[in-house]
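First subunit A sits with subunit B, and in the next complex the same chain sits with subunit C.
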Partner chain A sequence: MHLHWLPHSCLFFLTCFAALTARTWATSTSQDEQVSGFFGRHESGSGHTNNWAVLVCASRYWFNYRHMANALGMYRTVKRLGIPDSNIILMLADDVACNARNKFPGSVYAEAGRHLDLYGDNIEVDYRGYEVTVENFIRVLTGRMEPSVPRSKRLLTDDRSNIFVYMTGHGGNEFLKFQDNEEISAFDIADAFEQMWRKKRYNEIFFMIDTCQANTMYSQFYSPNILATGSSEIGENSYSHENDYDIGVSVIDSYTHYVLKLMEGINKTSQTSMQDLFASYDPVKIHSNAGVRSDLFQRPLDKALITDFFGGVAQAGVFPPDDPTAFVTTLKASEPALIISSAQLNAESHVTPSQSTSAVAPSGSYADEWSTQWKVARKWASITLLGLLVAWVSHR
Partner chain B sequence: MVSWSLLVVPLVVLGGVWCEEYEEDLVLRPLRDGKVSSTFTFTTVLHGADPAQHYTLFPLPLGQILREYAITELHLSLNAGKWNYDAWGYPEHPAVPTGAELWAWMPDGAASTIDDRWAGLRNALAGLFCASLGSLDHRRTSSPVQAYPLQSSHIPSAPHHLRHATLPSEHVCTENLTPFLKLLPCKSRAGLARLLNPQRLFDADWHGLGVHVLSTEGGGVEMKLVVQAVFDPVRLSGGKRRDWSFQSLFDRTINAACPVASSSSVRVFLPEEQIFSLSPEPEPQPSDESQPRDESQPHDESQPHDKSLAIYDVPTLVSHGPLDVAMQWTTEHAFQYPPPLSIQRTLHGTSQAHGALACTLTNRGPAPLRVGYLETLPALVTLWAHTIRVEVGGVGRDDLLTDLIYHPSHSPSPFSSHSSSPSSSSSPQTHAHAHTHTHGPSPSLLQATLTLPPYSTLRLTAELSRAFLRYTEHPPDAMRGWDLPGAVFFPVPVPGSTDSASSFNANHSAPTFNHSARTDSTYAQTDEAHAHIHTLPYRMHTPALLADLPTPDFSMPYNVIILSCTLVTLIFGSVFNVLTRGWVVVEV
Partner chain C sequence: MIIIPIPALSQRTYIDENALQPAQVNTYWNWADVHRADQHLYQLEALRDRNSTHEQRALFVRNEFSKLGLAASTQNYEFSTSSGPVNGTNAYAIRASPRASGTEAIVISASWVSRIGEGDGTLNLRGISTVLSLAAFLKDHSLWAKDMIFVISDNYLDGMHAWLNAYHGTIPSNLETEPLEHTSGSIWTALNIDYSGHSFSHLGIFFEGLNGRLPNQDLMNAFRLISSYTGGVPVTVYDHFEPSEFPDKWDEMSMFPSWIPSSVRKNAGVQEYSYRTRNVARHIGYQARGKASGVHGLLHKFRIDAITLYAVPAAGPHGFHALGRVIESTLRTANNLLERLHASFFFFIFTSPGTFMKIGTFLPSAVIVSVAMMFGGLGEWVDAGTTLQKEVLASKSEVERPIEQVKWTPRRRPVLPAIVIMIITHIMGLLLFFLISSPSFCDNQLILSPVLFGLFSILPPIILSAVPQSPPTAAPLSMLLKSLNLCLSSTIISITSVLNFSLAATLAVTLGLPLTLATPSSNVGLRFTKYAGYCTLAMGWMVLLPRELENAIWNWQVLGVWFAPFVCIVYMPLVMQAGLVTLHRS
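Showing the complex of A and B:
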């Protein structure tokens, strides 16, 4: 007899409940959207919070002017796009700006018209002259330094750092010459990167090299999250682009010239992706077949922005304060160590509610327990409600 | 809130004025050979120790380094080119060796050892000034206490130790100037530093940067940042004129004064008996009113400052418009007072194993000249002290060489723990050697006193051997040769002299930076009884030399490896074949 208003009441409860959940869901999503929209304006899924650049010119002597100009061109670009001097390690194996043969003292130009002085009046060279050695380069990457080495000479990266590594010089099959008396091999760099990965010294690396047979230099990489590109294939030379007859030597290499040309059109808010950069390679203009290696890189190339590596665009990750698992899910699936730690975290959070001795648990975890219990209760209530509804409909 | 801030602001201002002072000074001097020497001095004085290091004018990065390594006195210079004493006279500031020179006096009593602090200081300054000072290791470090005495006016009582090192091949360029300018309160945007245009500064015939830190009483610190450059207006003008102006020398003018500078002045030395015009007109100088900065430096009675010096006060002039000091000549003139001593130092010998070092000193003066002579040679050349010969006009005069001290190179390095206290600075030979280093030979140190007869040329020669290095010890550009640091000629006490300029007493303020007179009276004057012996007023440096060492064929190890591998393969292969192969007749 009384059952005749049961469906109505059920319906009423259901609508109330639906309205409540919809409202909470809507408010929480709009807040999340706002917050993540504010912090993640430039978010391209890389998950980095800081940018670093290591720019190496490994060649000595005046006639290698163009290698200094290559590295300084990259220096200008990363500085223009917002990476500060403290985050740039610039290694120049010789001093062409104040070289006695330089007709334009204190200036380095990268094009024949000499419109843009790359040296300028604000430059900090961290390693120069004889300090540019294979040992120092590996030490910079791996962070194994004497305690007294100043901060400006260190690569103080963490596991949220995106690093742009640019190298130029004279090289060959799987080696790059440093200063005409030693070489770094592709294996050395690959091992250094692996060491960096194990020590959580990077989030992603973009490796660019302009030398003869450059593509062999990244062939040995085996660490994750590395995107690599080089100027020429095995057996190919990389050529210089143009001479300046007042300076008297070649002023820039062809590959770097065309990369920098593209970079000049990019600003901090640019959405140009790595795919666009690689698509701009023209073997006819460059006179060599520039290569790309992206199998170690986790993200699609059209989503990886150029400013993820060249720009100092600060990003902050946004995590809900009451959900420790969200922190884990946003991290990359390729980080085994972190997944283990997250599993331990989950296990702990599941174990603690069953233990009645919660006096030792801090208040924060107590609140977490309460919220998870409330979630469970809500879930079961909605299922019961749904079951009642189905029963009622089938009964009719 | 407003009243509170009104109360606080004057306190902060007063505190800043009392604790720290900043003044800047530019000296321009037209030289005999038509060049113009310019010396920028930026002085920051910190009165009293500030344990919290809340500096407003003093640069914090340098303050932290001085605090961390407990430095009493620090001198760093980065220079390019050869200072031409013959044509340019003495520099405004005596630290003019080619390349990098770093020396520091450190007291005992800090937590870490002197050598640890020295290593830390080198690395910290290398990071601060973007220079390769980290490579100034024990192979380049010595402790010449006589030539580089303590200069601070107030020295803590603890015994002090000197560490000195040079890097003659070091370049100086914009990357050194950039951090240098960042130490100034107004950077290069206002004041005299506005003129420091890297494109022009590094185009100068001679240019250099210097950092000089001295201790003052009460734990205070005086820091001088010095930029010296010798410009060639004849070359810059593209013609024959040696007229110059700020615009022509620096391609800039001063359009704003640094507001925190307590004084900011441009001083131009005027050539004598010359027809020249100077614009703008210098301020009339009442002779009774002396500049406050002049009180600290010795006045020179023989040269009246009033007539030879034009002084501009930058803040007052800049308020009327950009300041562009210019000087024009109508006739050439001759510089009358070249330094009495002319030095040439060369390396002789065509052999790659042996050679000879020769110093030719010319005394142009009418009086005998007594100078100290210091050679700090890296271990790759060995100087043979018994072969030192002194000749005057082809006649052997070994009696002119006295007080010879020679510490040959050996490892571990022989750091004499020289104390700076005046009582023990008399005989450096007697000090105990502190063996602190583990590997690598130290430089050899040769020190002597030379007496030059008047109007004569003295020639000192010494034979040397060149080391045969392992091929991994060569620099990347081994064919260029190795840079040997320049020799140093320094003042020595002459009989009867009580002048502080030639005294070894470290507590005295020895040659002052701003000592600017350039006459015969810059000889240290002696009293009547010993009127004939003079000495130098300042240290003089010779240019660096290039030593040509036996250079191996760097591909030879690879050739040897390839050849021996081939031989091993051939021998092993044939022996293996003979031993394992069975020789049987196969029926077909």
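Showing the complex of A and C:
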């Protein structure tokens, strides 16, 4: 008597299961495309899974206020577009916010009128003052660190990392001055990038520099996947944009000002491309001829999004299960890196929840096939069992 | 030297130091601060009308500083000089930098006596009011990275000199003062404010320091920019107005006499040339004599870049408001400095507020004279080494005529007597210097000057007569003396030209021709006339310029200006040596 509801419930379950099975049968072929269509960006083809930024202000002293403001303006932008502090290495050679000459202690502004305090809250300066040296900068890039260096001061990138490198300071033909006592040359940076490429420390690099004769700084690059831009040609100065008459110094450089102005109009889902950024350069406004070097970069510029470098919107690495050969080659090529990558992504899942879904458990191709067949068999077995049950109940 | 003022030789001034950032700030000095300055002025005028003593005035200033909460104190001092003691009381206050370590400081000063008439007694009351009001105003801002030292020094120059020596611990033996109660870090820049009139139309820059030292040009250029752009006050070099600014006043400002046709005098190029000539002449006047053109000049000795902002008295239109803003902005610029001013020029001639000459442009004028003198001296030396002799060689045969042959024969050049004479003249110079800087000379200057002049004119010929005549086989003493004299003068001019160009230029003018033209003659009367002329050139200042002499001695004794000893020990003997050359019989 207590089984009087059983036939109805069994029928209900059977119906549901039948429906579910039917749906699974219909969609199983397009699932992978859907997943990668959701997480990945096939049209841009960047293929990166995480974003990093290295922002360097190489000059100190109060009258170089604008260089600190340049770097902090970029810091604000990359942070706003989603790169977390853990993925930003910010190097500031001086602390103008706490300079005794600052009329507005603890604040750094990048525009006359002081509407936006770039030093407001939640600023994480990783290298400051005399820590900003050529040696430390190259160590950050190449990852050759003392064991004691904390993780927050390291560039923990892998071969799926897109890195935005921004530098500002006083420079000249193929050099940038650090701290008034040393220089980094264009060759140093080019070699550091090559080391990074060999050590699989990046997927793509976007290098931006605002200094006098900035375009010479990227002239020596020879590693692949680097897109570079600078504020002025050889023999040209880069000029400051405006002064704040209460602070009493120039607050930002012209080139960075106009780049940041464009960036303010970009959000995390923006489809604005690098082509648009470069097209916005106006030599009349900037007072110098900003340059671009894209011969090492393997994607068309109109397909490369600004958020590929400035944003923290990472794509997931989706490996199609029904293409085992491709997966095996990927696995062979970069096994250790991939493991680090997935571990890292798990670790960072609290920051970007979308990343946790992207972790793919690697498994062998035979096991994969076998489990699919087992699932099918199990499905049919349970349906048969249910059918028998229904027959038995209705027989009574 | 005549072409120095030509505009084409000057170049435009520019700011060389990145850190300065002049005229890029909003100023906050406003009418409330002007009102405060006015109130201070009333109090100061009351003090002046009561004929208050040095101490009373200093105490008043100290109390005003104390009311603001600054560390304030006074300093008594007394210099002993041959003309009597010089004493007074300074007041000063220090405002520590709110956020920096206080290892560097800026001095803002005003002396009681204005520089008008080089300290003839006109009081600098408005300058002092400005400093008092500035102290109250600057205290309220937290952006000063350097300590501010406010100094109200007594008298014209001596007060500041005493204060500076006490501050730096370099108290000379003739100064009696107590150590300063409050001190700060090393002083980098200083502004001295001189505002004695009721209002002013221009701000003049005075920059010459003791012994011909100059401040870094960046300070003046920055001040000029700030004054024109922030304060709206035109800047002049000294108190000379630019003719282009006052086309209607060209007649009064022209230095040319009225017999020159007005078409020439009215010519813009001529006007500009005469204006620049005045500036250069004024500069040489200060620098050659080693005089400070204002209180700022005392600070250069301690490697402090300082200038005087001189409010050129006029009916208007500017007053405390414009001056305060200019000073505030200039202080912001000085506050920006990270190291002492070093980038711009230390050797220059300001031909107009916006143009200057680099050392490379003006130095050759003195050096060329010096080189010419050196060649003259060497030529004389070579001439002294040989003598022309005519020889008649015996003819070999009677048919031929006797051959007359000109032959240069070498002769001895006994330099010892010449050197002894030179040393004696220099020792005489030293003796003369001690005599004129003694108190007894000071008391009886009018009588003693001609006596000394006569004595020092007669002594050398007597000494000369004691020197044995050179034998006919050796070079005459006069040639050797002239040769060595020219070489020594040339060396002195060359060396001086890199230290104090104006002095070198003056020496080149006063020594160049007279020393080269000194030649012995056969006529006794002519010889003594010439000698008398050289004596007048060498020591005439004792009789003809008693006031200048007094000043030079005062400057030496109080401020340590080397001009008086230099004239006595270097210049006078050189001219006397030339005089002795003329005494010889040719």
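Please note the rule applied: the second predicted complex is superposed on the first by the 293 of 396 C-alpha atoms of A that agree within 3 Å, B and C clash if a C-alpha of one lies under 4 Å from a C-alpha of the other, contacts with A are read in each partner's own complex, and residues count from 1 in each chain.
We adopt the following convention: contacts are C-beta pairs under 8 Å (C-beta built on N, C-alpha and C of every residue); 3 or more make two chains touch, one makes a residue touch a chain.
Keep in mind that what you see is a predicted model, and the values were worked out from it rather than measured.
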Greater subunit A contact set [subunit C / subunit B]: B
Contacts of A:Asn243 with subunit B and subunit C, given as first, second, both or neither: second
Touched partner set for A:Glu264, first subunit B, second subunit C, both or neither: neither
Partner chain(s) touched by A:Lys153 [first = subunit B, second = subunit C, both, neither]: first
Touched partner set for A:Gln179, first subunit B, second subunit C, both or neither: first
Which superposed partner A:Trp62 touches (first subunit B, second subunit C, both, neither): second
Touching partner for A:Tyr119 - first (subunit B), second (subunit C), both, neither: first
Contacts of A:Asp302 with subunit B and subunit C, given as first, second, both or neither: neither
Which superposed partner A:Gly106 touches (first subunit B, second subunit C, both, neither): first
Partner chain in contact with A:Gly129 - subunit B first, subunit C second, else both or neither: first
Shared subunit A contacts, counted only where both subunit B and subunit C touch the same residue: 61, 105
Residue ranges of subunit C touching subunit A (in the complex, touch as defined): 18-19, 21, 24-26, 97-100, 141-145, 332, 335-336, 338
Subunit A to subunit B touching residues, read off their complex: 60-61, 93, 95, 97-98, 104-107, 117, 119-126, 128-131, 146, 148-153, 178-182
Subunit C-facing residues of subunit A, complex: 61-63, 99-103, 105, 243, 245-246, 248-250
Complex interface listing, subunit B residues touching subunit A: 80, 119-120, 123-124, 126-128, 130-132, 134-135, 169-175, 177-179, 188, 197-203, 474-478, 554
